[in-house]
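Consider the two complexes below, in which chain A is the common component and chain B and chain C are the respective partners.
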Partner chain A sequence: MTLLANSGWRIERRASRSSLALISALLAAGTGAILCCSLLFVAAGADPIAAFAALAKGSLGSVRAIADTLVRATPLILTGLATALAFRARLWNIGAEGQVFAGAMFAFWCQSAIGAAPAYIQIPVIVLGGLCGGALFGGLAGLLKARFQVDEVIATVMLNYIIAYVLSLLLQQGPWTEPGGFFEQTAIVPDEAKLPILIEKTRLHLGFVLALVLAAILHVVLHRSPLGYEIRAAGSNLRALQFQGVNAGRLVLVVFVLSGAVAGLAGAFELYGVQHRLKSGTLGGLGYTGIIIAILGQLSPRGVVIAALLFGALLNGSTLMQIKTGVPSALIYAIEAIILMFFLIAWAASRFRLRRLRHVD
Partner chain B sequence: MWTDLLEAGIMASVLAAAVRIATPILFAALGELVAERAGVYNMGLEGMMLMGAFIGWLATYSSGSALLGLGAAMLAGVLLSLLFAFMVITLQIEQIVTGLALNLFASGLTTYWLRSAFTDMGSIPGITILRNVPIPFLSDIPFVGPILFDQRIVTYLALLSVPAVWLFLYHSRLGLEIRCIGENPKALDIKGHSVALRQYAAVLFGGAMAGLGGACLTVAATAHFVPDMVNGRGWLGLVIVIAGAWTPSRALNAALVFSFLDALQLQIQGVGIRVPYQVLLAMPYVVAIVVMMLRRKAGRAPARLGIPYSRDQS
Partner chain C sequence: MTARLSIRNLSKRFGPVVANDRVSLDVRPGELHCLLGENGAGKSTLSSCLYGLYQPDEGQIIIDGEERRFRSPADAIRAGIGMVHQHFVLVPTFTALENIVVGTGSGWRLDTRAARRQVTELCERHGLRLDLDALIEDLSVGAQQWVEIVKALYLGARVLILDEPTAVLTPQESERLFTLMRRMTDDGLSIILISHKMNEVMQSDRVTVLRRGRVVGTIETRSTTRGQLAQMMIGRQLNPIEVESRGGRWSAVVTISGLSVRDTRGVPVLQDLSLELREGEVLGLAGVAGNGQRELFEAIAGVRRIEAGEIRLDGEAIANLAAAEIARRGVGHIPEDRLRDGLVPDFSIAENMVLGQHWRAPWRRGVLLDGTCVGEHATRSISEFSIVTTGPCEPVRRLSGGNAQKVILARELAKATRCLLCNQPTRGLDIGVIEYVHGQILRKRDEGVAVLLASEELDDLILLSDRIAVIFRGRIMGVLPRCAANIALLGQMMAGTPLEQVA
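Right, the complex of A and B next:
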């Protein structure tokens, strides 16, 4: 700002931002990310155009590719929604990662407990199990925050590490280990427990539709219900809300339980819709990607769905990109973070404007 | 077997390991402490350590010099924290969100870089790690000698950083100013001193220390880089700052508690006590939560921690 001090121009904060600001921030983030990616492609010795083409073909090139993109997007919609819900209330739930594990584990526990049963019993049990597992684990973080004033970021991060070890313990020579197996994994789940496939010859499962339904429900809850009002109000001014007689501790707990439940569902869907067996390691990263998606989606359910679809496409396309160009698919995780950083910077910068001063002395 | 652990010889080696293991988190926590005293919550600590671990390893591998590796890691930490500082101080983006973004960025970039530089995962080379430098005479003192005076050079440096950071914060002008920013930035601003400049300095120092701490994991410990190898140590660094009530000496104590646990679990596995390794590895994270539950007595956070300073607002 000092640079411009005598030039007759000034950088000022805007009073409000237009929707044009959001669009330009998104465009700037997209362009920046594409440029950065191209640089990384070149650094890895690949032709950027071929790599982008493979990325597009792998994610949208056929019915099957599109279906797979939707499959990859499903858990991300849910973890994105979970994170957005908590962040809306300015509760920094970083624990979607662990709540995904908890949901998958609890769903598995419930589903194995009921034994042989037809699909119309198994599927609801799985859905409820996922919701409950995530809710319990999210609730634990909420309890630590509300009752013991433990910073929620630290509590949820620590719980993420802990649950991964708990799963590994249960899978390694534990009651869940596949009989006669070497690996840290359970046996394949029975056919009746697999989520129904929506389009034949693809992997698109029921979970995708349920995730969209949940997004719609959360949209209504956030904008049309007393709880949604409290969540949004807690995000902007918790003090004022408390003066209205709202119990802040209870609200913290409720938000964490809900947020955890949504993330838990992602774990249950991944387990019964895609992977069909519980393994250590294959559920990792969904929660952390959910944070990026929540922020890019402006913490709104609609935005989250759009961002999750985009990231689902990136993740799905990266496999073909790796095969065709040899660029490691790990690049996608770097790209996701780069998109987020560019977006944050562009969005923050759109708060400022350059203005010519009338009187310069 | 449990009684084996209490033998003097074994205890000495556990304590020596604890001091060694404390090195990376101590560096990171001290850097974070200074940044937080300046009111900036650097949640990107984990990512900065990871970047330091990777760059430290890569630079040592390509140059053959561990010293250059450590320097490069510090530089990487500084660059990453410069980006962080620009985002949270200049653009005033939410500090927690920015920190998380940085962690994900570091995790993605290091993994990608590793995979594209070494396509065959079996061929990832090791490096020659720093060796112990026993201090003459002092290292011969029974029991205490091997624990404190037969360590790597970075460990001595980390231990010396504790009084150095204390001296800086409490007995230098800039240290006073930085503490002032954490409590009442306006006071400094009114005097015509730049708040942002001092916050940048504190954050960059934090980044350099995090980079150095991360580099210790590869250059002074494992010789290999593994994706996401920092494994929560950055987050433990944040816990240590809180548990240490934002003072260097108590942060040292907190760091030693965590590293002692870590050393103990290595020894427990070593003497063949049959506890599932997952329980041992999860222990520090459980302890961190317990520490945070008990910390209410510990101390007060800087009043302006996490709140960006701007002249138009209170």
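Right, the complex of A and C next:
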């Protein structure tokens, strides 16, 4: 009687993480995401298998396709790293979006200021300009947080709007408008200022390699340096760090400056590696996608690179998918969100287990 | 005599951890039954099962001969079980009466007049003088506890569970609580008292000792001794530490004069406080929790800004210096809330051991941390302080309270070359570890370090301290040499009577 009334299943938190549970949960998440996306494709009136095939061919089908995938992944690696760095310290920097703009704008300003110069001068100036622009803009949010306790989420989101419209202002009949042009864009940058192409007849530029190098550097900084130690400690228990005399305000500022610098680089690379001119529309969304990448990559530089490559492939393959099957390429954003949801569920679920209850009297 | 409450073979597991393993016990009507055990012995789990907060995996709970199953505390209350938690669950802006009757109305109506009559009657029966119209926030901690008890009685409790009820009380308040408990048991109420203070345990009718989730035994209190109970509780003989009285080297290490500190809301928490910590001496700090102890420790350690006054270490002013600088000058600080203030839970033991020193040699080589050096240091400390762990890489989050405290001890004792600040260093620890921590503090004292020690265990404080200062509402009520200190005297001072007026 008692046995009957009380047997059942119960969900319990696992005492320790199990890699078997994690792998099976991730596999289940992958399958779930694919099934869910298939439903979307069917709803859009396409054959899911053909759509996935086109997606794969468009992103990995040729050297050119692969190179383009890497190009699409480059800014996402950087914004993902920027976000991961801040989130590791429990600083919710939603401002990678605006810091991308700031990096591109500051790099453009520096590069235009030096005028005609050989590539070996222009390229370092662009890289430094991107880093500094992002650092300054990120530092502004950090300063507001450290000095005046302004909530960083509010500050960074608002700053995102401000910088986007400042750029618009500069481009719309402003000092940076292309002479004689109608669009919100600058003139094409000189050839010496374009980032070197790594593989001929593709668009794969130097920025991709630099992004990977930066990921490696950040990995070492996070896990082996005293600063990374502080960042990780702040993410776990800031109070204990303060009790040992660490200046929390300074740490907040440093993290925002670093995070902003990395995001700013994404802007400079997009401008000088891909677009070759500063336009208002093309930089939008990189920072917000970076948040998804950072979370999908579990806030680790390695994970960020993997997640950014996956998203780069999706973005790049979506064009061919649209041509071949008529599925609108904008659907790729829904797919991104579906992947994120399924993987978040998988990570959470792998920490629990089901247990059968028995009652013995 | 049939039991009021019987527990039969109750088991409760959390994953692989067995918190209660086939626990059986009987509580008789009108009995004061004590549950004794170290931390992690399963006392809290058992009481949570009784109160419907957890559902046991196996076993039965029988009340007055009838088996009951509690899905929630509401079921337990209906079955006549009341509980007073260690941390009260009262609404501070409600009156005592409102807190007692909250949640008992049916539908939209709350008949306060009838409730008042009933509550007044309850108070009178147990000889409680309680101002029912006072706001909870205006009541003393002791009175708040009475409100909790009356609330449980009003809800019809026949079995009352008290979880470490004296932790927040002065000795006098504790005494009153025990008088009250006696009146209630005489009235037929059964009380389950959870405690690890021996002098309280000895006032009960029977004691059930738990160790590692199992019942070691239930015995009549009259027929046992403290020593026997302690042995049952920890499973081995305890070696009482001998503290010899000390004299000599009495030069001041830390001098505090006219110290004033305000909390974040601007309320003064320390007022014109003066103290002297001397070389090779333990200065005990007695006081009811929340009278400024925490702020005093934090002010000396440099974690809290001081408003006025002076703190000197070896003659040099250190007030409002950065905490890192004060630590560098030889001050170690064992904070009150070890998990919140002392450790980074996600970090390994090794990483926690260098917390705050992570920029300095020998931990840093070039721009990077020297993982090998940090690891070796941790391995040494683990064996020196006999920390039970799988290794230096284990996150401290997984350590037991005692082992986590040893990590802090290892770090702070190394820093404390001049002064050691220990705020509640043994709170919530097992007897064996307490013994160890006390030994380490005395070792530091013997090395000539000035020690400031605050503890809620007055017996321990009297045992360890050379002098005892009593703090009340941010002021020092007086400083006594150990030979002059006794619990009654300290209790009066802790309640706010300055030494001159007591004597």
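Please note the rule applied: the second predicted complex is superposed on the first by the 346 of 361 C-alpha atoms of A that agree within 3 Å, B and C clash if a C-alpha of one lies under 4 Å from a C-alpha of the other, contacts with A are read in each partner's own complex, and residues count from 1 in each chain.
The rule we apply is simple: contacts are C-beta pairs under 8 Å (C-beta built on N, C-alpha and C of every residue); 3 or more make two chains touch, one makes a residue touch a chain.
These figures come from a predicted structure and were not determined experimentally.
*Asks:* For the overlay on chain A, clash or fit between chain B and chain C?
*Replies:* Because the two structures are overlaid on the shared chain, the partners are seen to fit without clashing.
*Asks:* Scan A:Ile162 for contacts with chain B and chain C and give back first, second, both or neither.
*Replies:* A:Ile162 contacts chain B only, not chain C.
*Asks:* Check whether A:Thr31 is in contact with chain B, with chain C, with both or with neither, and answer first, second, both or neither.
*Replies:* Once the two structures are laid over each other on A, A:Thr31 reaches no partner at all.
*Asks:* Taking the superposition as given, does A:Ser18 touch the first partner, chain B, the second, chain C, both, or neither?
*Replies:* It touches nothing on chain B or chain C.
*Asks:* Please indicate which partner A:Ser62 is in contact with in the superposed arrangement: first for chain B, second for chain C, both, or neither.
*Replies:* Neither partner.
*Asks:* Which partner does A:Pro328 contact after superposing on A: first (chain B), second (chain C), both, neither?
*Replies:* A:Pro328 sits against chain B, while chain C stays out of touch.
*Asks:* Which angle, to the nearest 10 degrees, do you get at the Cα centre of chain A between the Cα centres of chain B and chain C?
*Replies:* Once the two structures are overlaid, it is 70 degrees.
*Asks:* After superposing on the shared chain, does chain C or chain B touch more chain A residues?
*Replies:* Comparing chain B with chain C, the partner touching more chain A residues is B.
*Asks:* Touch check for A:Val153: first (chain B), second (chain C), both, or neither?
*Replies:* first
*Asks:* When the two complexes are placed on top of each other via chain A, what is the minimal CA separation of chain B and chain C in Å?
*Replies:* 5
*Asks:* Which residues of chain A are in contact with chain B in one complex and with chain C in the other?
*Replies:* 13
*Asks:* Flag every residue of chain A that touches chain C in the complex, lowest number first.
*Replies:* Contacts found on chain A: 2, 6, 12-15, 220, 224-226, 229-230, 232-233, 235-237, 239-247, 357-361.
*Asks:* In their complex, what parts of chain A are in touch with chain B?
*Replies:* Touching chain B from chain A are residues 13, 40, 43-45, 92, 94, 144, 148-151, 153-155, 157-159, 161-162, 165-166, 168-169, 172, 288, 291-292, 295, 326-328, 330-338, 340-341, 344-345, 348-349.
*Asks:* Can you name the residues of chain B that touch chain A in the complex?
*Replies:* 43, 83, 87, 91-93, 96-98, 100-102, 104-105, 107-109, 111-112, 115-116, 119, 227, 231-232, 235, 238-239, 242, 276, 278-279, 281-282, 285-286, 288-289, 292-293, 296, 312
*Asks:* Over in the complex, which chain C residues touch chain A? Could you list them?
*Replies:* 9, 14-17, 57-60, 69, 301-303, 322-327, 333, 335, 340-347, 351, 355-359, 363-364, 367-369, 371
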